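Below you'll find the structure, written out as C-alpha cells, and then a few comments.
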C-alpha cells in the first residue's frame, strides 16, 4: 500500500512540473502585456515592472526563475492585484470554492446515483427513458443559461432565495444546485449504464435464479461493481467541481477560485494562473488516487490481480 | 457503501455547520456595489475610477471633493497663489493626524508626490504631476528628486512651483495620485503596506477588511479632522463584475446603492428612467472611435470626414446605450465653466457620400476592406454592429468587425494594428486639457499616429497663458482642429453616470460631472414615521 | 447494421435539422445581418421568433446559427477524431515505453484546464492568422479566421478522451488471433493498423463522435459567452444564447431571445446524445 502510494506520488511529480511549465509558457506567449491598461504605459515603466516581477529576459529564463521560486515555496505575486501574493489570493478564495464544491459534489453523487439506479431498475419502461432524457437535458444546458434563469425563477419569481452574494447559508443553495446539475446527469447516466451492464452478468443471473428480489439485486448486489466507471469519473469530477466555475462565481458574486482560470489568462496574470492550475492539478492527482484506491477496494478482481 | 456515500455527505454537513462561523458579521450601515475587485489601494498605483472612489475615503489630499463634485479644502485649510500663477503655497490644518496618531506634515505630501513620480514605483499616472517644474525630468530619470520644485519649509506649509499657470491646480490635488501615504508604513512593509493589518491612512475612513473578490470593509476614522461630519460608521464596497448580478443584488435589497453605470444592464435603462431611485447625470467622459491615420484609406481626411458624417449618433444612444446619453459633437463634454466645445460636423449622409466620391471611392467601390476593432464587451459589440450597418447603408462600404480580448486589444492599439478602433476616455480633472492633451504629437494616449504642429502649439500657448478666458479660447481652437478639420477621432457620445439608490433612505449622493461620490458625504435619512 | 426504430427517428429529426440549416436561410425573407427598426419585438406574424436588439430576425439567425454550430461541431469533432484515433492507434499498438510516454503527454494535457489553452490559442493566432492570410488569395477568408481557430482549438481539446478510448481498445484488439497471424506473415505495421485494427475501432469511434459533437458545440457556446466565439455578423447558437442570457433581468426580459436559442441548442444536443446512446447499445448488442 505504501509503495503504491510512493510510486504514484513519484510518477505524478513530472506531470505536475510539466503542467505548470506548460501553463506558464502559454500565458507568457499570449500577445499583450499584464501591465497594459487603457492609458498608454510608458515603455520604461513597463520594463521596470517586468524586471521587478521577474518577467524580463528570455522565456526559458523566466520559466526557470519561476520554477526555482516555486521550489522555494514562493508562488509569486499577482500582476493584476498589486501587493497581493498568489498564495494569499488562493488562500482566501480556495476555501470558499471548496465549501461550495463539496456541497455540489455531495448533491451530484447523492442525487445522481439513486436516480441512475432507479432508472436501471425500471429499465425498458417509460420511467427509464424519461430519466435518461432528463439526465441528457441537464448536461446539454449550458451553465450560463441555467444560472441566470434559476436566479430569475427562485430569487425574483418565487422570492425564495437571495439572488447572489456570499456569507449566509441561504446564499449557498442556488449556486450549489446550479453547479451540481450538469454533473447529476452524468452521474445518473454512468450509474445507469454501469448497472445495466452488470445486471446482465453471470453472478446476477445466479442471484436472480436463487430468488433474490429485483430491488435487492439492483441496490445491494449489482451496485458495487457497477459503480466502478462512476468512481473513475468521480476523480476528475471532484477536481472540477471543487475549483468552481467562472459562470457560477460571476452570476452569484461568489469570491471563489474558478474565475481566476479565465480572468487570469485574460489579464495575463501568469503567476496567478499558474498557481490555480497547480491547485487544480494537485486536486486532480489526489482524487484520481482516491478513485483508484476505491476501485481496488470495490473490485475484488483487481485486488486479487495486484 | 455507506462509507463512500457517507463520506462526502459527512464532509458536506461539517462544512455547512462550519459556515455558521464564517459569516461576515452584522451588516454594514451602507452596502454598495463599487464595480470589479480593486486592483490596488495604493494611491500612487491606482488608475481606475473604482479604486479612486475607495481611495477618496481612505486618504485625503490637500483639497477634496464634496457631494456635488466641487473642490473644497481638505488637508489644506487655505492656499495662496503668486501673481504669475505659477507658485502655490498651501497651509495645512492644525493637528492633522494619520489613523495611527502620527501627525500629518507637509513633508508627508512631498514624500508621497515624489514617490509617485519615482520611476521605480511604476505609477501609471505619474504624468499628472508634470505640471510641476522638474517633475517630468525626474520621472524620466534625467534629474534627481531634489530638482522637483516642491518644498516643505515647515510642518504646515507646502510650496509648489509649476511650469505654467494651472488654474485648476488646487482641485487637481484631490486626484488619487496626489493623495498622501504614510511613509513609515510604506518603508516597513513595502508592497504589502495596504493590507488591513498594516494599513495607515488619513481619510474619513479606515480600512477594516479587504477580502479578495468579496468586499472592501471601511469603518469611520475617529482621527480624521472632519470626523463629526462623517455620518456612516461602516461601509462595505462589494466587488461585482456583472451588471446583472449587481442589479440583482440591488433589487433584492442586499445592496443599497449602485455607484457605477456599468452596473446597470443597459437593456432595462429606459424602463428605469422615471423611477425615483434612478439618478442619471452627464459624465466627463466620451466614447469615440479612433482612425489609424498612418495608413490608407484613413490617411485621407476626406474619408475620415465621410465616415463621420455618415453616422446617426442619435440612433445609437436611443437604441443601444439607452441611458439618455448626449451625442458627442466634440471630444470634451460640456460642463467645464466658460468652455464652449466646438461643434463637429452634423450628420449628413448626402455630404458623406459626396466626400467619399471625391476621395475616389464612389458608392464605396474600390474601397479596401477595413475592420473595426473593439474589445470584447456586449455594449461595444452592439454599437459596432449598428455602425457597421450604417456605413454599409450610407456609404456602401464593407467594414469587418474585429473583437479581441483585452490584452490583445491593447496591444493592437499600441502598435497601431487597426484601421478603426473603439475607445473611451474619462477626464481626470475638470478641464478640457485632460482630453485634448492626449492627441498632442507623440503622446502615448494618442494611438492614432496623428500629429499636427498647429494643434501642439495651440496647446502649448494655452498652457502658458495666465488669463483663464483666453486660455480656454485657445483650447477651443485646438479642439476645433481635432473634431472639425483633421478628425483623427470620431466622438460618438458622452457617458452618462447613473446612480441607483432610494432617495428616501439616503442623502449626500448627488450626480455630478466628475462622478465623485465621496463616502464621507453619504448619510442615512432617519426613517419617516408612518402615519 | 440494423438500427432500432428510435435510432431511425432520431436520425430523421437530425436530418430535418440539417435541412433547415442548409435551406432555411435561403427561404427566409430576412438576411442574417439585416438590421431593421423593429427592435426587440416579441414573436409575431412578420417575425415568427421575434427580433433582437438590432432588429434582426431571430428565426433567420437561428437557422444560420445552426449552420455554424453544426459546422463547428462536425469539424471540431472530426479534428479531434483524427488526432485522437491516430494517436491512440500508435500508442496502443506500440505499447511499452512509447505507449507510456504518449499517455503521459495525454495526462499532462488532461491536467491543464482547457480554457487556458483555448484562450491563448485564439488570441495568439487571431493576430497572426489574419496578417498571414491578408497577403494571399485567402484574404476574404481572413474575417473567418476566428472560425478556423475555433475548429482547431476545440478539436484540440477533445482528442484526449478519444485517444485514451482508442488506445484501450487497441490494447485488447492487438492480442487477437487475426492480428497476431498478420504479424506472423510479415505484414507491415501501417497495413495492420489501418486495415485490420482500425475497422474494429470504428464502432466505438462513431459512437464517440456523436458524443463529442455536442461537447464541442457546448464548449463553443461557453467561448461565445466569454466573447471568444464566432465573430459578428456570423452567429452560432452559442452567440445567440450568450446574447440572450446576458439580457436576463428581473424587470423586462425579452424571453424569446433566450428560449428559442436554448430550445434549439438543447434539442440538438439531446438528439446527438440519444443517437450516441442508440449506437452504443447497438455496439454492445452486436458484441453479444
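Just so it is clear, A, B and C label the chains in written order, and each chain counts residues from 1 on its own.
Just so we're on the same page, contacts are C-beta pairs under 8 Å (C-beta built on N, C-alpha and C of every residue); 3 or more make two chains touch, one makes a residue touch a chain.
Just so it is clear, the structure is predicted and the values come from calculations on it, not from any experiment.
Hopping across touching chains, the smallest step count from chain A to chain C is 1. Using CA-based centroids throughout, the chain positioned farthest away from chain C is B. Mean C-alpha positions place chain A and chain C at a centre distance of 22 Å.
Measuring from the averaged C-alpha position of chain A to that of chain B gives a distance of 38 Å. Averaging Cα coordinates per chain places chain B and chain C 42 Å apart. Residue numbers of chain C whose C-beta contacts span two or more other chains: 119, 123, 127, 226, 248, 250.
Within chain B, contacts with two or more other chains are made by residues 244, 248, 251, 405, 407-408, 411.
Counting partner chains per residue, chain A has residues 30-32, 148, 151, 156, 266 touching two or more of them.
Of all residues in chain C, only 104, 107-108, 110-113, 115-117, 119-120, 123-124, 127, 214, 218, 221-222, 225-226, 241-242, 245, 248, 250, 253, 258, 262, 265-266, 269-270, 273-274, 277, 284 touch chain A in the complex they form. Taken together, the chain C residues at the contact with chain B in this complex read 33, 35, 39, 53-54, 119, 123, 126-127, 139, 143, 226-228, 231-233, 243, 246-252, 254. Looking at the complex, you find that chain B touches chain A at residues 1, 4-5, 8-9, 11-12, 15-16, 19-20, 22-24, 37, 39-42, 45, 47, 119-120, 122-126, 140-141, 191-195, 211-214, 238-242, 244-245, 248-249, 251-252, 254, 405-411, 414, 423-424, 443-445, 447. Within the complex, the chain B residues that touch chain C are 244, 247-248, 251, 265, 267-268, 271-272, 319-320, 369, 371, 376-378, 381-382, 384-386, 388-389, 400-405, 407-408, 411-412, 417.
Across the complex, chain A meets chain C through its residues 14-16, 18-19, 22-23, 26-27, 29-32, 132-133, 136-137, 139-142, 144-145, 148-149, 151-152, 156, 197, 236, 247, 261-262, 265-266, 273, 277, 280-281, 284-285.
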